[in-house]
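Read from first to last, the chains carry the letters A, B, C and D; within each, the first residue is number 1.
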Amino acid sequence: MAGSTLGTVFQLATWGESHGAGVGVVVDGCPAGVELREEIVQRYLNRRKPGQTRYSTPRKEEDAVEILSGVFEGKTTGTPISMVVYNKTQRSGDYSQIAESYRPGHADYTFDQKYGFRDYRGGGRSSGRETIGRVAAGAIAAEILKSLGIQVCAYTKEIGGIAADPSRSHLENVKESPLYMPDLAASQEAELLLEQKMKEQDSVGGVIECIVKGMPAGVGEPVFDRLDANLARAVMSIGAIKGVEIGDGFEAARSFGSQNNDSFQTDSSGRVTKKTNHAGGILGGISDGSDIVIRAAVKPTPSISRSQQTVSRNGENIEIQVRGRHDPIIVPRAVVVVEAMTAITLLDMLMISMTSRLEYLQSFVHARKPLS
Amino acid sequence: MAGSTLGTVFQLATWGESHGAGVGVVVDGCPAGVELREEIVQRYLNRRKPGQTRYSTPRKEEDAVEILSGVFEGKTTGTPISMVVYNKTQRSGDYSQIAESYRPGHADYTFDQKYGFRDYRGGGRSSGRETIGRVAAGAIAAEILKSLGIQVCAYTKEIGGIAADPSRSHLENVKESPLYMPDLAASQEAELLLEQKMKEQDSVGGVIECIVKGMPAGVGEPVFDRLDANLARAVMSIGAIKGVEIGDGFEAARSFGSQNNDSFQTDSSGRVTKKTNHAGGILGGISDGSDIVIRAAVKPTPSISRSQQTVSRNGENIEIQVRGRHDPIIVPRAVVVVEAMTAITLLDMLMISMTSRLEYLQSFVHARKPLS
Amino acid sequence: MAGSTLGTVFQLATWGESHGAGVGVVVDGCPAGVELREEIVQRYLNRRKPGQTRYSTPRKEEDAVEILSGVFEGKTTGTPISMVVYNKTQRSGDYSQIAESYRPGHADYTFDQKYGFRDYRGGGRSSGRETIGRVAAGAIAAEILKSLGIQVCAYTKEIGGIAADPSRSHLENVKESPLYMPDLAASQEAELLLEQKMKEQDSVGGVIECIVKGMPAGVGEPVFDRLDANLARAVMSIGAIKGVEIGDGFEAARSFGSQNNDSFQTDSSGRVTKKTNHAGGILGGISDGSDIVIRAAVKPTPSISRSQQTVSRNGENIEIQVRGRHDPIIVPRAVVVVEAMTAITLLDMLMISMTSRLEYLQSFVHARKPLS
Amino acid sequence: MAGSTLGTVFQLATWGESHGAGVGVVVDGCPAGVELREEIVQRYLNRRKPGQTRYSTPRKEEDAVEILSGVFEGKTTGTPISMVVYNKTQRSGDYSQIAESYRPGHADYTFDQKYGFRDYRGGGRSSGRETIGRVAAGAIAAEILKSLGIQVCAYTKEIGGIAADPSRSHLENVKESPLYMPDLAASQEAELLLEQKMKEQDSVGGVIECIVKGMPAGVGEPVFDRLDANLARAVMSIGAIKGVEIGDGFEAARSFGSQNNDSFQTDSSGRVTKKTNHAGGILGGISDGSDIVIRAAVKPTPSISRSQQTVSRNGENIEIQVRGRHDPIIVPRAVVVVEAMTAITLLDMLMISMTSRLEYLQSFVHARKPLS
């Protein structure tokens, strides 16, 4: 299937392999009139660039985005926006190891099972570079949401079991931490763990949290297109993600109704709010106007230089040390990807929710009529 | 949007409110030639019926399914299968409480925000009865998978923090336990907790696990339609689910690469298998031939008779005791719903994977040609 | 595939066979707040009922629609609307003829080729009764459009080559004509032709025209979801339709640019209009504010009692006289179906066009904000 | 909406404006294992290139395609195929005329109405260059179909009312005719008409016919995804197309049942065929194994240098002579576009039809099983 296409109204199709000509995305259904320049998208892409700290691969990827269509005089025209990042650092390289054997924790085996063969250069389509298209599209979605007063912000909640302590966590800390953690003490502790695991030729996982502020109530469709369901899908579709939670998530399963229910209240200004937010801003699949809270579990980088047992393409039991220099942890670079997938999903569902009442249609048509 | 429609090739549209004429589903895209009778679907529906143990509401719902189309002489014809369960126990009842106030933990507020008003009788479309259509469609999907040698089996993994101990867990126990737990000792402990919480007019949450055996490798699409992503969406779309895990899930985030990677090996029969299954049967979004493992966090039933603070429809701060007799726990009745959503997703993606190689197309057309 | 499901935002799934339990439709994505009662839908269904003139089959079908969900206190709730018409006149009948041979011009052969077998009772899913679900959904779409000032009106343009003369055509005549023609002289001439062809045990085809008035400019998406493209698909999906035209259609192909281009002009009130409407109200796939004009070619009823050559299911060359009493012409009963498919398509695309500009999103969110 | 995305399993998203950086397409869902090189796609693109005869614009467009992803060692990998044609001949040019006024017969006015403004350079997204992405994707679809024994072939049937005479028409003639007509005498006559109309600063329309040979029976879904319905949509979505016919099309509407029904017969080899093919190879929306026949009406080029009345962007009534050198006829260059849209639709529906029977699924899974 068209597994690289996502969305109903705000729709994207990503393409590209790690060591092909480039990677990119076509964003279809973006509203007209959005200010867009390459620098805006680049700012988001830079956050996933490798080589920025010693916890990401020292490969230098320039990842300079070019916008090929859909923008005229600095504004989106409503037609498809094609964005591309050419692969500048692709090397002819020696890929015989990946070509001939199945790296544990990677998609080598499953791609071969599915397609009969695969582009083995640097992981091909299952490479982390696949997320460039997501982040470029997510940049547009996040900018649109921002212009609507909706802020999407992700950060590292936990690394190797070391969690940010809510009492010490501040969003301003995130950019101070090389691991994008809001708790700088936890960040330093996590750095020590990473140093140790790098020495042991091992890798570390973690948890990313994403908070959405300013989301209006009433977005999301009951039943299959619940906001939480579509967020779960979007976030789980990122490579290496093994779990997704909304609000209290698995803790809610260990809680009782009297604790877990969020009481409604009317504040002094007459606005309905909730006293707590165990639900993570979504009730019955529809946003309730509180902060939306999502968490994603990221597995440890599967590429480790330690020796591992596996099989070769022709079925022999072999040992493998995965060559090359890899990130000892995926989490920090995946933070902006979680943010992107969240923004893309929220925008699509927000646009869909414009059609939920006859009165919205009526005021739209009424406003349109005099034009013709 | 059409939020009650799901699937690409095997597609379903559910409909119906708690206290309307009935609830149902249209299954479109079901292959021709599947044996189907009402009794087969009924067997699945009976597993979500209330009133079977003292931990579910004593409301008697007959939930007798009728198949209205798509089946001829006991076999599916390839055309849409319409199934309906008429609401027999609907009562005129007094809904003024739900109509005029927002129950904490329910979708009352968000429906009003989205649509401007709502069918408040018994929760309307956000009632648990909405899942009847899912289970009826899931029954068909599960039967098709079974005929292909693929078994989907869900059970209660954990209740109120009391988890089934793997060493004492056996699938045969599931039907012995009134809570559908595979560990009978844990089940008894959980029953005691439930008794206590019922006395306290409170409710309990839990975790459902679903295991898929016999899944061929190569199913799932890289990028957005990953098997894990679509499973996450399908399961998270069930009311009351707040988290989804694949394989080790959030534990993977606390693990290291050397532990979390599953080694491949060739067994004596020449078959490639994995020594462990931390990945839960999915690598790069594609099934790897191992068991698929999914877990879902279920929040405690939001309807509790204990007094809670909330607001009325016109914004007054009020106290509410949710009337009526409700399940103190959703988990046991949701087990078959998780199974249904898993089966529906697997079948849809299995069918799509038939198109992944030119050679499959060629043998299909070659086989078809002589017919015309 | 889910070939019985249509639409992106306003979506429908139809189901049902000619001689099964019933036929129906689930409409998902209908906005909340639309006044809806069974009588409103029934009024549209009555227009496709057989037995109203001597040019339609004397079978009495009551076709009484029931609304099973999605409506509360006389208004749509925004949740799926399930509508059903039970088959009251189904007869056990003798279907051995259809079961064992392939009627020329029917789908018997292709269903067998596709599915391996078919529900042969009265044509099964390929029966004209399949259109009941379309008309029921179309009734809702047409009523919504009407409330927005958009009128969709179809009629018979031509029968057996006898065309309504524009100079004698008036929409008021349509209900006077048993063939739904706007030109009563042509209608009488066509009746004579029909009488003659009935005597000859033959059948007649014709052309249906549909006019849409009040359509705002700016609806339709460039490229694949052009308004004309989606209208063509929707109308061509009706059984027996073999051609679709927009505006001048095939005549445009015989015209020259200087004749075919419609000049724009500003009228005295400052409104931009076109002097002519060869384009049929659509330019570049987007409505231009003029009347939308669509025409559909309807083939003659394939069921004729005259002897025809064909093959049996096991491949023998045989002669067949199709038994039963059938409409000598499909056209008059298909008029409301063309209207329904047009209304469904226009509404879906109108709703989608609400998302085409950032300013629309901004005013929507701005209006929503204070609610939460 | 995502109006530049098409298809369910074989899916494409096109992008690009006439005078932007380039135009292109992402093909998602292409099966793995298809031989693909740029030369193959280029061959199709060359057929729509301008400047090949004096009846197309003398603008030189090189239109050299680059494949950026999805192909490895000469074969498709099953992942998205991104193809781009950079705009080499874009000129800063003087677009004030298009920017400030609405050309009759063009989408200038409707784009402004829809989006509030438009990229006016050379027509922007509504330029004929938009079809490059379609043809590139169509090349892949056509090559796959060819490898399955299915040939898609389009040609010019009629120009300015001058029709190819079936008795003189041969497919071999098509490449001899500068207008791609199968009847060389008609082609010469049409050339004379074109010469005259060019002198008169006018333009001419025509009809394109497309024949599909070797299509297996059983492809297409009853109801909304009928093969004819999806073909109609795909072909009508090409700019300038105003009508679509299947088989006898509008002639069927003037025919009688006894003439229009195609008799089935079993030939000496035991194969079921039809004696005639008025239906154009499709019955009940499903292919019947005969040739599929589609015709499309193409309007005359709207750009003519003759003076026309129109309005300016600020509503003044003005006269316009559309500057620049334009094709006096669109038809010959659109032939390959019709072929492309037909191939894309047939392949998508052929792939979907692989899922129509349980037995197909069973043999697929059975064949897959031993691999894991």
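Simple rule for what comes next: a contact is a pair of C-beta atoms (placed from the backbone, for glycine too) under 8 Å apart; a residue touches a chain by one contact, two chains touch by 3 or more.
As the structure is a prediction and not an experimental result, all values here were calculated from the model.
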item: Contact-richer chain pair [B-D vs A-D]; value: A-D
item: Most widely separated chain from chain D, with each centre as the mean of CA atoms; value: B
item: Intercentroid distance (Cα basis), chain D paired with chain B, Å; value: 43
item: Centre distance in Å when chain A and chain D are each reduced to the mean of their C-alpha atoms; value: 37
item: Shared-contact residues (touching 2 or more other chains) in chain D; value: 1-5, 8-10, 14, 29, 32-33, 78-79, 113-116, 125, 217-218, 222, 272, 288-289, 352, 355-357, 359, 371-372
item: Chain C to chain A touching residues, read off their complex; value: 8-10, 29, 31-34, 76, 78-79, 144, 147-150, 216-218, 222, 271-272, 288-289, 350-352, 354-362, 364-365, 368-369, 371-372
item: Chain D-facing residues of chain C, complex; value: 1-6, 8, 14, 102, 104-107, 109-111, 113-116, 125-126, 130, 158, 160-161, 197, 200, 202-207, 217-226, 228-237, 239, 241-250, 252-258, 260-266, 270, 272, 275, 279-280, 282-289, 297-304, 306, 308-311, 315-317, 349, 352-353, 355-357, 359
item: Residues on chain B engaged by chain C in the complex (per definition of touch); value: 1-5, 7-11, 13-17, 20-24, 26, 28-29, 32-33, 66-70, 72, 75, 77-82, 84, 113-119, 121, 124-125, 371-372
